[in-house]
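The structures considered in this document are given below.
Each of the next two complexes has chain A plus one more chain, namely chain B in the first and chain C in the second.
Showing the complex of A and B:
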C-alpha cells in the first residue's frame, strides 16, 4: 500500500504552558508537492515546521512521516532536512565540509563524498567557494549552501523556514525561481514556511493559511485567491477591500446598497471585493447592465507603475480600486463623483 | 584632529605602566645576570636549571599546574555548558553567574584558610567520610599536593568558567539543531560542532588558569604549610628571606618567559586555526 501522502498530521497540538501555539491541526501533505504554510508571525507556522523536523515534540495528536508513526522520533532519525531561516551554517567548516556534513554521518567513503559534494557544488554554482568559510560568502550564496547541505542527503521532505526572508528583493525573486526549478529537478516534497503571500502564491502547489495556531484554509494558489473561505484569508492573500455589513431581520446582510442572503445567523459577515475586480466609470449615471454598481467619490489617485490605485469613498467606506495604467484618469479630479461597477461573481460575503 | 593626537590620553597610563611595571621588571631582570660584584654572569640560570632540588620544585610546580588546569577545564566546561545551554530560565542563569563569580570577591587568603578548615584531619570532608564509614582513619588532604590542587581548582575555576561561558553563549543554538537535522545525535553534535567552536574559550581559559597556578603563592603556601614548595614560594624565599635578589630574579625571569611562551602559543593557535572561520 503506497499512500499518496508523505506526511499525515492528525489533531496535532503544541502547547507551551497554558498557551497552544498550534491548536488541533490536521494536514495531509502529498508526495512531491510544494506546500507553503502562510501566516503572520505567531500563527504557529514555524512551530508546525519544527514539529515535522522533530525539534519540537507534539503535545497531542499523531504525525506520520513516510507511513511511519514519528511523533517521538528524534530529529536525527527523520527522513527530512531543514533549511534554516538564517541558514545556520557551521562557521568553523569550509563550504565543502558544511555540505559533506550529513554524508559523513552516514559513513560514506571519502571518495564518494567528494564526488557527490563536488557535483552538488556544481549544481548550485558554488564551485569557486568550495574551500571558503561561510562568513566569506554573501547572503544569497550562503542560502545556496544551506540548500545544498540539506538536499545532498536526499531527504524525503525538505523543510524551508522563511529561507528568503533575509535576502533583498531582487535576490529574493531570483531565488524563488531557483527554488521552483530545484523542486522540479529533485522531485521531493518541499514545505515552505513564509509570511509573504506573494512568495507563497508564486511558489506553491498548495497553500496552508494559518491563523492563531489553527488552519484557516488549505488549497491551491488559485483556490485560495479566487475562493477564500474567510475574510481573514481574503485579506491576507492579495489585496482586498473588506467592508462591514449590516444585519437585516430577513436573513440578509446589506452592504453598498445591496442586500445579500446569508441565512439566519448571529455571526458578523464582511463584504469582500478585490481592488482589481472593480471598474471605475467617471460618468455619474447608472448604466444599463447586470453588473452591481454604486456611486462613489474619488479621494485620491496614485500612479504605481503597473497599475493606478484609486481611493474612493462609498457610503462612508473607503474602497481601493486598481485601474490599468492605460485607463485615462487625467481628467478625473479629487472629489469628483463617479460610479464603480463589479460583476456579481467577484464579491464575496464571508465571515 | 591629527591622528597622532589620539594617543595623547594614553600617555598617563603609559607613564604609570613604565614606572610601576616595566621598570621594576627590568630591575629584576638586570639583577638576574649579575653576580654579587655586579659583573655579568649566567651562574644563577645555570644553577636553577641544573640543581636537582630546584629542578624538582620546577617539576612539582608544572605538575600541579597541569593537573589543576586539566581538572578545571573538565569541571569548568561541564558547569559552563550547563549554565549556558541547559539552564533555560533567565533567573536561574543569573543566580548561577553570581555563585560562580562570588568567590573572586573574597581574598585568596580567606578562601585558602577556609579550605584548611575543610580539608584538615578533623575537617568537614574527613569527618563526613568517617561517619559514612568509607574510611577508617582520616586521609591526608592537607600539607600535600592534593590539598594544593583542590585549593587551586577552587580558586581558579571561575576564570575558566567565565571564559567558557562567554564563548558557549555566542554559539548559535540553531547550529545544534542543524547538526541534529543532518543526522547527528546530541553527543555527536557536541563533538563536531559545539566543542570545536568553543576552542577559543578553552584556549584562553587554559592559558589563564595555567599561568595563574604556575605563579600562585598564597594558596600553596597556606595549604601546604610550607611542606611542598612551588616556584613562587621559592622565589619569595630567595628574595625576602635570603636576600638573594640575583637568584630570585633569574627564577622570576624563567617563570615570566614560560608565561609569555604560553601566551604566544595561545595567540598563534587562535589566529591560524580560528580566525578565518569566524563566528556568526
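Showing the complex of A and C:
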C-alpha cells in the first residue's frame, strides 16, 4: 500500500547552539499538493524547507521522503529540487547549460539532454534566451529559468523559497498564476515558503502557519482564514481587529460590553473580529436584532477603491471596519456617534 | 575640468613612481659602460649575452622557476580547500587559525628563515634540501592563496554551491563545475602573488638552500656583494620581462572568460 504522503516529518527539531530554529514539528505532506509554509522572518519556515532539501541536517526527529528515511541523505541524492530565493543561477553558464546541469549529472546522453532542455525552454517561453547568460535576463525570466532548471529533473517535490519576493507586484501576480498552472501541469508536490499571507491564500491547497519554530496551525486557505485557532493566526492571515479582554471571576472574559465564557484559565484571551464582518450603522439607536452591537465614535474614513476603511473608537479601543464602497458614508462626520453590529458567528475568542 | 586634469595627473605620477625604477633598470641593462650608468652609454646586448652564456644563471632561472611553480601549485592545492572551509564553516578557534595562517606575512622573513632552519634541524639530518626549501616557500606563499580565495568564497555565498548539490552534483562535482570556475580569477591572482613571493625570496631561501641549489635571488644577492656591473641589471631585466609575459598570458585567458561570461 502506498502512503498518501510524499513527506512525513516526525518531531523534527533543528537546534543552533542553544536556540531551536525549528522546535519539534510534525507535518505530513500529501502527494501532489500545493503546500505553503507561512510565517514572519525567523519563524523557522526556511529552516524547515532546507531540512527537506537536505542543506540542514535535522537535530532531532525523523524525516521520510517518498516512504524512505531521509534524515541523513545528502541533498544530491534526494528526489527534491529547489527554486532559491535569489534563484542561484550559475553565472558562468548559459541558460541552456543551467537547465541542463541536473540532467548532465544523471549521465544522460547529449542528444537526449538537448531535446529535453529545448522542450523545457519552449514550455517556459525561454527559447530566445537559450544561449544568453543569467545576468542578461530580467528578474521574471531568471525566475522561469530557476523553475525550469529544477523541474527538468522531474523531482517528486519542488521546494520554493520565497521565489517571488524579489519581483515587483504586477510580475508577482502573473508568476503566482503561472506557478498555479505549472503545479496543475506537472502534478508534483510544491512546497512554497513565503511571508506573504495573500500569496499563500491564493496559491495553496494547504497552509502551514509557523511561529517561533513551531507550527501554529495547518489547514486549507479557507480553514485558516475562517477558523483561526489562535489570535496570532487571525492576525497574520488577512486583516483582523485583535482586542484585549478583561478576565472575570466567573470564568468569562469581557470585551466591547459583552461577557464570553472561556472557563477557568490563567491565560489571556483576545477578542477577534475581521473588519469586513462588522456592519456600520450611522443611527445611534440600539436595533431590535439578535446581532451583537456596540456604540462607536467614527474617527477616520478612508476610501480605498474596492472598500471604505472606517476607523472607529469603541470603549477606548481602535477598531477598523471595512464597508462596501456603495454604502453612503458621505453624510458621516468625524467624531460622529454611531453603532457597529456583527453576527455572533463572526467574532472569536482566542488565546 | 581642473579636477579631472588634476586626477589624471596624480594617476600618471603614480604610474611613473611605480614604473620608473623598472625603466631605469631596463635602460641600464643596455649600457656599454662596464658599470651601472643612467642614462645608458650607447646600446648593447652584451650583458644579456653574458648572462645567457653563463649556464649557472640559466640554471638559477630554471631552479627558481621550478621552485616557485611547485610552491605555488602546492599552495593552491592546500589553500583553496582551506579557504573554502574557513569561509563556509564556523568552528572553535577559526579566527586563531586564520591569523596563524597569515602570520608569515607579518614576521620579518629573515627571522623566519632562521626559525625554519632551526626547526628542520631537529627533524631531518640535512635540513638544507630541496623539499625543506619548498616547504619553507609554501609557508610564505600559502597566505596569499588563502587570503584572496577566502574573500572570493565569502563573496560567492553558499547558495550556488547548494544549487549544485540540489541538482545532483556531489561535493566534488559541485566544486569542479560550480565553485572552481567562479573563484578562478582569485586563484589566479593569488597564484601570481604566490609565485612572485617565492620567486623573489632571498631571506628564507638563503638559509634553507643546499650549496648546489642556487635560487636566482640568492645568486644575485651573492653576486652584488662583490661586484656590481650591468650584468646584474640584465638579469633583473630578464625577470621583469618574464613577469610581464606571464601576466599578459594570464590576463589574456582571464579576459577571454570575462568576455564569454558577459
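In this text, the second predicted complex is superposed on the first by the 351 of 351 C-alpha atoms of A that agree within 3 Å, B and C clash if a C-alpha of one lies under 4 Å from a C-alpha of the other, contacts with A are read in each partner's own complex, and residues count from 1 in each chain.
We take it that a residue touches a chain if its C-beta (ideal position, glycine included) is under 8 Å from a C-beta of that chain, and two chains touch if they have at least 3 such contacts.
Small disclaimer: the values here were computed from a predicted structure and weren't measured.
With chain A as the common reference for superposition, the partners chain B and chain C occupy clashing space.
Of the two partner chains, neither chain B nor chain C is touched by A:257. In the superposition on chain A, no contact is made by A:125 with either chain B or chain C. Residue contacts after overlaying the shared chain place A:55 against chain B and chain C alike. In the superposed model, A:106 makes contact with both chain B and chain C. In the superposition on chain A, contact of A:74 is made with both chain B and chain C. Using the contact criterion defined above for the overlaid structures, shared-chain residue A:90 touches chain B and also reaches chain C. Within the superposed three-chain model, A:4 lies out of touch with both chain B and chain C [touch as defined at top]. Applying the stated touch rule to the two superposed structures, the overlap between the chain B and chain C interfaces on chain A comprises residues 53-55, 74-76, 80-82, 84, 86, 88-92, 101-102, 105-106, 133, 135, 149-150, 153. On chain B, the positions that touch chain A within their shared complex are 172, 174-175, 177-185, 188, 192-193, 196-197, 274, 276-280. Contact residues on chain C toward chain A in their complex (touch as defined above): 159-160, 162-170, 173-174, 177-178, 181-182, 257, 261-262.
Those residues of chain A that touch chain B in the complex are listed here as 53-55, 74-77, 80-82, 84, 86, 88-93, 101-102, 105-106, 133-135, 149-150, 153. Those residues of chain A that touch chain C in the complex are listed here as 53-55, 74-76, 80-82, 84-86, 88-92, 101-102, 105-106, 133, 135, 149-150, 153.
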